[in-house]
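To keep things clear, I will list the structure first and then write my remarks on it.
Think of it as A, B, C and D in the order they're written, each chain with its own count starting at 1.
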Amino acid sequence: MITFQNVSMVYPNGTAALRNVNLQINDGEFVFIVGKSGAGKTTLTKLLMGEERVTGGQLHTGKFKLEKLSKRKIPYLRRTMGVVFQDFRLFSNKTVYENIAFALRVIGEKPSVIRKRVPVFLNLVELTDKADRFPDELSGGEQQRVAFARALVNNPKMIIADEPTGNVDPEMSKELMDLLMRVNKLGKTVIVVTHEKDLVDIFKKRVVTIRDGEIVSDRAGGYADEIC
Amino acid sequence: MKFVRNFFYLLGQGIVGVFRNSVMSTASILVLVCCMLIVGTFGLVVKAINDNLQRVDTLNVIVAYINPAATDEDIQKMKKDIESYSTDITVEYVDKKTGLERLKEEMGSEIDLEMYLRDERLNPLPDTFEINFSSAEGAEALNNYINNLDNITDTRHKIGLVEKVNTASKGLMAIAVILMGVLLLVALFVIMNTIKLGVFARRDEIAVMRYVGATNTFIITPFLIEGIIIGTFSACLAYGIQYYLYTQVISDIVRSYGIGTIAPFGETAFVVGAGFLGIGLFAGIIASGISIKRYLSE
Amino acid sequence: MITFQNVSMVYPNGTAALRNVNLQINDGEFVFIVGKSGAGKTTLTKLLMGEERVTGGQLHTGKFKLEKLSKRKIPYLRRTMGVVFQDFRLFSNKTVYENIAFALRVIGEKPSVIRKRVPVFLNLVELTDKADRFPDELSGGEQQRVAFARALVNNPKMIIADEPTGNVDPEMSKELMDLLMRVNKLGKTVIVVTHEKDLVDIFKKRVVTIRDGEIVSDRAGGYADEIC
Amino acid sequence: MKFVRNFFYLLGQGIVGVFRNSVMSTASILVLVCCMLIVGTFGLVVKAINDNLQRVDTLNVIVAYINPAATDEDIQKMKKDIESYSTDITVEYVDKKTGLERLKEEMGSEIDLEMYLRDERLNPLPDTFEINFSSAEGAEALNNYINNLDNITDTRHKIGLVEKVNTASKGLMAIAVILMGVLLLVALFVIMNTIKLGVFARRDEIAVMRYVGATNTFIITPFLIEGIIIGTFSACLAYGIQYYLYTQVISDIVRSYGIGTIAPFGETAFVVGAGFLGIGLFAGIIASGISIKRYLSE
């Protein structure tokens, strides 16, 4: 379970990216986070993964109390979540296969397990035939799918995706969302930051809307049209 | 099990790192080897000089001229007096005839000294004591003591020269130490550089590693291993070259100049090896440690 | 004028990203390029800016014959076009202001001119108050707008935008498109690669659809639904 | 106008580069300065040794012993013969009385040579020629020639020693050259590294520069300037240190050992300065050129 309690986040330069956020996300929930550019959506995911630290309030995910988590524990926090970044963040000098395998290598997984799991996820994102390519030999959408596979491969309890469909065509977009739905059905918490009104409208799920760092709406189904 | 698996993976990554950045690794090794060789060579040469100095007996001698008027008893008493000055010295009485014979031997054929040998009264040389001492320290005082004895007209010695040679070999050692210090610093910089370049080349990689939950140990270890490999390899290489330099080049020079003898390499092999390895590991670990630590704490 | 004549592009690893493409874009035209992920859209823009070289056929833009352009001329080719990249490609150690100013600096523009033009374009993309920030202090959408301003500031004859609205909310998306329209009205050629069906449908402009490296449709108005 | 504007902008960027990467710039400068100082110091010391050797007359002398049976005419003729051997030599006739007087002076008081001076028949010394030559080359042949003359019984000389000293100073110079070569290589590596680190740190920047239409010249120039600044600064620093070392340290040592005299720094100042600047610029330009070129062609 994730709980934001009066969370605020002010960047060193003084930008108040989040103000007094209260939010509870239960295990196994599916949540869309929407809002204008610069509203604070990415900041929210950065807090969750320990890349930035709350400057006020309390933020707990599972057993981790993020407002006072020591630096040395952050790697273990990150192993509980799979993250798809807005800018992919792949290893440019590792092949697609190695990129995905690395998430398992880091947690000291057995080579035999790695050899079994990676192809499954390669297949899931339809990149089996591009397993030996390097990221810059892939199109934008293909890179995004590699990021997807890497986020899922070590079977995390939670998936966080920041604009996961920003670079793929509508059809692929829908497929990736379907994938997230399936993952969600397996009991994983899924948090998706997105601008795609169409998708949000189709999947009748919980939608949290942020404006200027504050939560202005939190309800099930449909993009909050009046806001954007 | 997990630990061992990780260890071999990270060891492999470290080795890969050495080769990936081969130009820089070569540079590091080059600098380190230079540094080691300079220390080693200077050290060994100074040692050889010292060894030889101790063997050059003629330097550690005071020759005291005895007043021709002294009686045999006087001479016997004087010898006792000098001998009692210290346990570290030996005193030999050389009468003027022996002195002349030695001179004749030294001079060779071109000067005919026969007639002086035949008629003792013509011998221009005085009787002397030859006092051997073992260390230049205190030799000055000994010399004064002897000089002030009754019936000693004068003394000759090369104490000043001994001191000069000592100072020179100390100076040589000082230059070696300074050179070594500077080179070690340079070596540190170069290795830091090498590792830093490695870190830089992989900074995106490191960033991503951290995002997927890699611990600092997991990230640092390959770089440390890279440093250790560079240090160890440099030490081995330097050892080999030093062995060659010592047994072939230095010995050759010493022999062809007839400067003196030189101890076999075996005597100092362990010290040289341990020293080189120490320098190598020190430089390798410190350098990689610093550069990656600084990066991670950013 | 841009002319593709039997252009094909095969990557060193053997992927045929474009096959026998024939296309003509007149000065002052506005063209959408659409197609599935991996269809070859980005490859097409890379060819236009000389980042990749055609492996067959002929490609001319203005006076530049790209199939045989010497490396030393490429900088001059690039100065004739403003490019917005899928991954922004901003200077991470330069502020927003400097990022935009740099495009002018490169062509040896006078400091006085730089001081006059940059604020105008900062204002155009609504980032005047963030002029002194570094790119990683900006949200994804804000970075994209900086890239936009940089592409426009040195008054190029042609604008190429690869997924320019992938990371911005629908409202901002529309605004940026309007901006491109205005720029187009000033007589500049505009080429936009996009997945956003909505936008393509709204602006009744020429739409070129690529599938598997081939142009399968080239007509005015509306996203080619049957294909994606 | 555009060119000048660009130039100042790029000069500024180069200077910024030096400071941005200050640790590495320091390392480069350190290594370069070491390299220069080692070359400079060895060179100057070897020069001083050579200068002094030429002044030590006693080394360049052959003493030839004349058969006591030779007549005055024989001696006059021999002198002419020897003098005609070469224009580079001077011959002095030293009769046995002069020889003995010199010996007396040398020996001091403790040996009484008075009686030998009074009675010429007791003088054990032979008459001699002292032949001064200017260069050790050919001295061996000269010596042989003299030795083979009738009425010359033997010769004495220190030609071997002169050669040894020459070889030693050549050896010293060879060591300096090797050290210098290695250090120069190291310096090149380190500067390459510095520049490469700079290139790496800015590789995204460079990539973006190329996308917005920057020419290669525009990209390369700041790095070249960085290299030139490092090289020039190192040369100045090394020159200053060398000046101090020479005028204070080396001169002091020479004077306190009484080894010989030493030429004022002014005599070699220009050569040293030009040499250092040459090394600095060479290393700076080559290193930055190579590292950025290689990067851009990737």
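What we mean here is this: contacts are C-beta pairs under 8 Å (C-beta built on N, C-alpha and C of every residue); 3 or more make two chains touch, one makes a residue touch a chain.
Quick caveat: nothing in here was measured; it's all calculated off a predicted structure.
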item	value
Chain B to chain C, fewest steps along touching chains	2
Chain of greatest Cα-centre distance to chain C	B
Centroid spacing, where centroids are CA-atom means, of chain A and chain D in whole angstrom	69
Computed distance of Cα centres, chain B from chain A, in Å	64
Euclidean distance of C-alpha centroids - chain A vs chain C, Å	28
Arrangement of touching chains [line / ring / star / complete / other]	ring
Pairs of chains in contact (touch as defined earlier), listed by label	A-B, A-C, B-D, C-D
Touch list for chain D against partner chain C, complex	2-3, 5-6, 9, 202, 204-205, 207-216, 218
Of all residues in chain C, those that touch chain D in their complex	49, 51, 72, 74-79, 83, 85, 89-94, 102-103, 105-108, 110-111, 150
Chain B-touching residues of chain D, taken from the complex the two chains share	23-24, 26-27, 30-31, 34, 38, 65, 108-113, 115-116, 122, 124-126, 153-154, 164, 171, 179, 182-183, 185-186, 189-190, 192-194, 196-197, 200-201, 253, 257
Interface residues, chain A side, partner chain C - complex	11, 13, 15, 34-39, 41-42, 86-87, 133, 137-142, 145, 162-163, 166-173, 195, 197-198, 228
